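The two complexes that follow have chain A in common; it is paired with chain B in the first and with chain C in the second.
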Partner chain A sequence: MAVRYALFLGCIIPNRYPSIELATRNVAQALGMELVDMKGASCCPAPGVFKSFDKFTWLTIAARNLCIAEGLGCDIVTLCNGCYSSLKEANIILKEDATLQDKVNGILRDFNKKFYGKVEVRHFIEVVQREVGIDNLRRFVKRPLRLNVAVHYGCHLLKPKRHREVKSVERPTFLDELVEALGAKSISYRDKMMCCGAGGGVRASNPDVALDMTKEKLKNIKDAGADCVISPCAFCHLQFDRGQVEAGLQLNVPILHYVQSLGLALGLEPEKLGLYSHAISVEPILKKLAY
Partner chain B sequence: MTLIDLMTSKGPDLGLRLKALKKAGEHKPYDCYQCARCSSGCPSMKLLELKPHEVVGLVRMGFVEEVIESGMAWACASCLKCKERCPQDVAPADLMLALRNLAFEMGKEVPEAYTRILSEVMEFGFVQRPQEVLTKRLVRVNRERLGLPKMPEPSERFKSTFLRALEEL
Partner chain C sequence: MVSERSEGGEAVIKATEMDPKFKYEISKIPGAEKIMLCFQCGTCTADCPIARFSDAYRPRRILRMVQLGLKSRVLSSDVLWLCAACFTCVDRCPQDVEIAGVLRTLRNLAVKEGFMPAVYRELATSVLETGLAYKIPASRLRKRVEAGLPPLPKADVKSINKLAEVTGFSKIIQARRT
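Moving on to the complex of A and B:
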């Protein structure tokens, strides 16, 4: 597979969950995918906080990140729904609105950058679908993931629908299929499409409100008898993993980022996927998988 | 956060209403017919005190300052469920952002986390700096230990770009 993507890390992955970064680099290598580092990239910026403050500031900083990928000549891949939605939306707005593009370029010019609109922003999940494909993915699996999994999409992988390829926001199936392709069983649970609670800046500003949502979701997942949650978003991952500690929940539901579950199925060692640095121990699932 | 008592509030402010509607884009809240589908999927328990369709209704009537002062807009997790469910394309989620923008603009009380994160990003380029994790096996895990490249230092250029964008406010 001769594919090349600019790896957009954002804040949470490199700073709070380097385990996800490690897994990403090793999984990409195993799949023969080249990831180019985006030197000088910043926070995406955090859509919940920045859009609450001012749209133009948000747009300018996002544009600056997009320019870095344009300079590298490749599309962006992200592993966080927040970064995905922020960069993707900014890219679309800038491509569609010439006046805003000029205004942003007026600022970027002073720093030797210019937005051209030459790259696309993709989520890691989309990249797996496009570059590997679900049938091919089954062939890559060396150690089937025999687990009962609660799949969590995360809001911004699906919404706003207008800017997404998949049009079902209440009953999507593609992520369940990608998880089942690894040998797992995606179980159904109450209020599956509910938010993790972290978005909109609520995790930082109103932790009780955020944790209320997290608690409800995780309880439903526990009640359904899931071995773990698999999510494609680093921010949801953080909220579910750290959130269980912060809310003092005794649920002990392990959380895996999709890239980590993919790594396990590819037969990579748990150490290569950073699986030992989660707040909620993943040992029970490793045990079930006979590690 | 306080809830709104319309009996004691100042009354509708039409100028402020126009501002809020404009920020929310294309004056969409006028199309709301109060069906409450938006509120039917809202996960934010806090927003049960003043549900998304009620926020839309109050803004439409001009009680903008009252809604802002209720602080309820800050309880929205931007999950966009209301936006997708609304049959009229009103997007309460976008209105919540518009109200937050207005709160900043009007110098109203804003949760401290927002200003803290904004200045963190301005200084360092990122929301957080690299943190170590202490695992259950009492091993300290950090980027170096995982064999990952060092995180880049904050760039002066980034900060200047940020400051220039702020000048447009």
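Moving on to the complex of A and C:
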């Protein structure tokens, strides 16, 4: 596929998981996808914090990021449900509300920027669906991922549903299908659609409550006999991975970002996917896959 | 389990505490338009994953407090900051009230009154200082280059700061009561 996307890194990936970025760059190369850096981009900004403080400032900072992609002439790809939700919602609001768009552009003028509404905001998952397609994806697989996987969608991949194209927010299947296309088995577990606990700024403001939720999910995942969790979101990834250390859990459930699991299935070496820098070691999975 | 009554101040509500205009003010703000349609069925609280793990957070109760006009009680309450924005309540509300949107609206108003968790303020300040929500240690930036990644694209901090000044955001995060 000869496609070009503006890579929106956000904050969590550069700060905690450059491993996810490394995996993304190598996977993109393997799939023939060109990623363009977004120079001057800032925090999306974090929906929980910024939208909670002042919706208009949130919208304007997001618009500024969208303008950078418009300048590059390509759609945005994100690896975090938070960035996805924030940028996508801002893009929709600005395209639909001409008065707000004018107001935001009035401010952006001072920074030599103007929002035109020329680009789309895509999640990496959507890009795989659209540009590769599920049947085609199976053909790319060189090393089938023979693992029992607990798939975690993360709330903002699916919601708010009026801004999403998914058919079901209660029982979605597209991510399970994308995981199974890699040769894995998506197993069912209790409260699968429950939030990881981190969203809305709760990880920052009420870490104990956030970790209690994380613990509950991970226990259910462990009880179901999963080898690992696969999530498409850097923030859920952080909450599950570091959360196990922060809460002092002895569950040792490895977490993979979807892009890392895709990389493994494509036959890329674990080093190229940043698999050795997780808080919870992924060695048990690699062993099972005979690395 | 703590009863709903014991949270959020005195159980007895005085008529002088109630601001009858509050619900109308709120219902003009995008996301909170349907606040008056809430008939207190409690589906939001029953389905809320946060409510399962925190005795303090009861979305139905917050909505009722808004309808009653208990403005200062609501806006000064720490429980506003417990919503994970998972949208489960929004999906399941039989009256189509966008509860997570109401919570977001209340947070915006609380911040205008000077109520904000200190940790949120830190994150916001970090965005103004570095462009990102976290101050990334130099050692981590070196490690990424060692791992074979290109240098991190620099955020345009100057623009973000100026922008936050124009929208009044810089002032908002300086005015602080909590």
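Just so it is clear, the second predicted complex is superposed on the first by the 291 of 291 C-alpha atoms of A that agree within 3 Å, B and C clash if a C-alpha of one lies under 4 Å from a C-alpha of the other, contacts with A are read in each partner's own complex, and residues count from 1 in each chain.
Note that a residue touches a chain if its C-beta (ideal position, glycine included) is under 8 Å from a C-beta of that chain, and two chains touch if they have at least 3 such contacts.
Keep in mind the model is a prediction, meaning the values are calculated, not measured.
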| item | value |
| --- | --- |
| Three-chain arrangement built on chain A, chain B and chain C clash or fit | clash |
| First (chain B), second (chain C), both or neither touched by A:C11 | both |
| Contacts of A:S281 with chain B and chain C, given as first, second, both or neither | first |
| Chain B versus chain C as contact partner of A:A204, first or second or both or neither | both |
| Which superposed partner A:G73 touches (first chain B, second chain C, both, neither) | neither |
| First (chain B), second (chain C), both or neither touched by A:G267 | neither |
| Residues of chain A at both interfaces, chain B in one complex, chain C in the other | 11-12, 14-15, 18-19, 21-22, 25, 37, 39-40, 42-43, 45-57, 60-61, 64, 107, 110-111, 155-156, 159-161, 169-170, 194-195, 197-202, 204-206, 209-210, 212-213, 216, 274 |
| Complex interface listing, chain B residues touching chain A | 43-46, 74-81, 83-84, 96-97, 100-101, 104, 111-114, 116-118, 121, 125-131, 133, 135-137, 139, 141-143, 146-149, 151-152, 155, 157-158, 160-162, 164-166, 168-169 |
| Chain A residues within the chain C interface of the complex | 9, 11-12, 14-15, 18-19, 21-22, 25, 37-43, 45-57, 60-61, 64, 107, 110-111, 155-156, 159-161, 169-170, 191, 194-195, 197-202, 204-206, 209-210, 212-213, 216, 274 |
| In the complex, chain C residues that touch chain A | 49-50, 52-54, 57, 81-88, 90-91, 100, 104, 107-108, 111, 116-117, 119-120, 123-124, 127, 131-134, 136, 140, 143-144, 147-150, 152-157, 159-160, 162-164, 166-169, 172-173 |
| Interfacial residue positions of chain A with respect to chain B in the complex | 11-12, 14-16, 18-19, 21-22, 25, 37, 39-40, 42-43, 45-57, 60-61, 64, 103, 107-108, 110-111, 155-156, 159-161, 169-170, 193-195, 197-202, 204-206, 209-210, 212-213, 216, 274, 276-277, 279, 281 |
